[in-house]
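Handing you this structure, nothing more for now.
Chains: A, B and C, in written order; residue numbering restarts at 1 for each.
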Amino acid sequence: MDRALGPTSVALVAVTVWLGLWVTPPDETQGNFVRLLYLHPALAWVALYLAFGLAALSSALYLWPRTRSQRWDLLAASTVEVGVVFLTLTLATGMLWGRPVWGVWWTWDARLTSTALLELLFIGYLAMRRVPADPHVRARRCAVLALLAGLDVPIVHYSVQWWNGLHQDQSVLVGGFHFKIHGSMLWTLLLSFVAMTVVFAWMVRRRYELAVRESAVADAALHEAVLERRAEGVR
Amino acid sequence: MAPAVTLRAAVALLGQFPVLAGVDLDVEEGSVVGVLGPNGAGKTSLLQLLAGLLALRSGSGSVMGCDLMGDRRDLRQRVGLLGHSPALYPELSAAENLRFGLRAMRRPVTDAADALERVGLTGRLSAAPARTLSAGQSRRMGLAWLLARRPALWLLDEPHAGLDIGGRDLCDEVIEQAAAGGATVVFASHDPERAAKVSNQVVQLAGGAVASSFEGQRPSHVA
Amino acid sequence: MWRDAVLVCGKDLRIELRTRVLLWQVVPFGVLTLVLFALALGPSTTELQRGAPGLLWLALLFASVLATTRSASIETPDGTRSSIRLLGLDAGGVFLGKAAALAAQLLVIAAVLELGLLVFFHVNAARLGIATPLELCAIAALAAVGTLYGAVVAGTDVAGTLLPLLVLPALAPVLIAGEKGTAAVLAGGGPGRWAIVLLVMAVAYLAVGTLLYGSLEEPT
């Protein structure tokens, strides 16, 4: 399954791009700018819920003594790194779409504001990971940071209802399963969610494997370091 | 008598550096062990490990019945550590520091005054902010804290450093008194003669491991 | 836990009374911030009154970062941290105690900043008084968040530069809710749901902090 992730994600993205650019019609009011929406909501969903939800869960499992393992810390770090990339792309595609449709690159409505704050919180997490510190101390502190940042995710989810901003209301699901978008646009949108999820899984898998290998190299180096340390005493 | 400390191939890290590189050590309960070694040998790190303040990376270790690979919180409450740096809060006085510590440990705060008197920190010295104390006076404050706290395991990092002759003799008396009361004492030192005089066992550390060990001059069973 | 909280709170406040860092550094910094904001806005009373709610909360936020840094640094010296860990204090109690001490200091800062607002920004004193419940909830949230994030960076070499980067995004909802609530009060209404938002935030962070602080205190 691991080997299939890469080719599958490429294929899904390719089909989504084909459908989004050539098959689906332009929107009545937004024209061709609607095609950015085959990227933006999927990127947002993956970043806000999948990536940071997984980071929060991994961090909780690391902090819980019964399940504590370095692998949860490495998984959390990998998902945050990939999540920050997805969130940056979310904001970028949102701005590219917002400029022609809303007339502005940026507006301080609730969802955009909360999303920007979440991005900053997780950039803080990445900054903490780069602070020289004992790996276990750093892992614990980053795990706490991830959980605290995860508190912000529900705020993003309910921000449209709470603050009544300029951002699009939930475009697909309105009160249950009555879809607002129909036809090929709907299928393309749903496919984009699947494609971005698979891309995310592939990127996290690769990043996690790299982190595990880095850790194994450090462990191997430790054995050498112990021997060298003992030799200090003999000289 | 059950050993107070058992370490087998203990490795501990500071960052990625192995400060302890396979320590084997046995310390009998109620004994006094001196740890000698050059700078960087791992003496301080060994004491930190025994205090439960440094994690055991590999090997095995048991201190006062607590597994060093497990939860070390129980161990920490049974240990008293006299480190290099002055303990507790520099802005508070010696008396305030001791009273805070005793309240935290649910011990009678009246023990603070007795302990400070024992080490010669009375009057102005016990009331002035701890940061105004000299290095030797800070050491005495640290000893007072251990006297007041009465832990089962005393860990002293170069306790004679910074003390005058009287202070060093006081330190030896305090160590002897603690051991006579049933406590186990492990202390790091740069003074081999003094270490041998007060210890049952002297251990030489080098390169993060025990290089050699010999018997001290303190009798094993002191009435 | 509560006993340890009272003990730690008393200790932190005693240290503050002894050193007066709040009085001589943090409070003047807060006032300076307000003065600089007033200079940036210009002398127009209308502009100053319009900007007052946001600038009050911004000044309080910046001052709280300083106060948080100070609170976290009390246990920074190596010997102090080791000794505290050996005392067996309840981690949740330590968190609540430090948060309570920080909240007491933030109350003082807020009171001085409000006085500054009356003097420099010409706001209505009676209306500002109505915002007190909102302020108390916000201060509870600031103290809880600050204490928690302060512990995250404690002991690192880059605590001074890292703490603002970590804590200010987390405190942004306090800024938003505080500004909106205060603006509503000054406009003649009540703080409304903004006080509830801040109360929920305070309770959430106090609960999470009580649970997680022990993980941050655990050494290597």
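As a convention for this text, contacts are C-beta pairs under 8 Å (C-beta built on N, C-alpha and C of every residue); 3 or more make two chains touch, one makes a residue touch a chain.
Not measured: the values here are computed from a predicted model.
Visitor: Compute per-chain Cα centres, compare each with the mean of all protein Cα atoms, and return the closest chain.
Guide: That would be C.
Visitor: Would you say A-B or B-C is joined by more C-beta pairs in contact?
Guide: If we tally the contacting C-beta pairs, B-C comes out ahead.
Visitor: For chain A and chain C, what's the span in angstrom between their mean Cα positions?
Guide: Centre-to-centre distance between chain A and chain C: 31 Å.
Visitor: Taking the mean of the C-alpha atoms as each chain's centre, how many Å separate chain B from chain C?
Guide: 39
Visitor: Just the number, please: Cα centre separation of chain A and chain B in whole Å.
Guide: Once rounded, the distance between the two centres reads 49 Å.
Visitor: Would you please write down the residue numbers of chain C that are in contact with two or more other chains?
Guide: 219-220 - these are the residues of chain C that touch more than one other chain.
Visitor: Which residues does chain A have that touch at least 2 chains other than itself?
Guide: Each of 132-134, 136 in chain A touches at least two other chains.
Visitor: Quick check: what residues of chain B touch more than one other chain, meaning two or more?
Guide: Within chain B, residues 13-14, 55 contact more than one other chain.
Visitor: Which stretch or stretches of chain C touch chain A in the complex?
Guide: 148-149, 152-153, 155-158, 162, 165-166, 169-170, 172-173, 176, 204-205, 208, 212, 215-216, 218-220
Visitor: Which residues of chain A touch chain B in their complex?
Guide: Touching chain B from chain A are residues 65, 132-136, 218, 221-222, 225-227, 229-234.
Visitor: With touch defined as at the start, can you tell me which chain C residues reach chain B in the complex?
Guide: Going through chain C, the ones touching chain B are 4, 7, 11, 14-15, 18-19, 74, 77-80, 82-89, 219-220.
Visitor: Which chain A residues qualify as touching chain C in the complex?
Guide: Touching chain C from chain A are residues 63, 113, 117, 120-121, 123-124, 127-128, 131-134, 136-137, 140-141, 143-145, 147-149, 151-152, 155.
Visitor: Could you pull out which chain B residues touch chain A in their complex?
Guide: Its residues touching chain A are 11, 13-18, 21-22, 40-41, 55, 57, 71, 205-209, 211.
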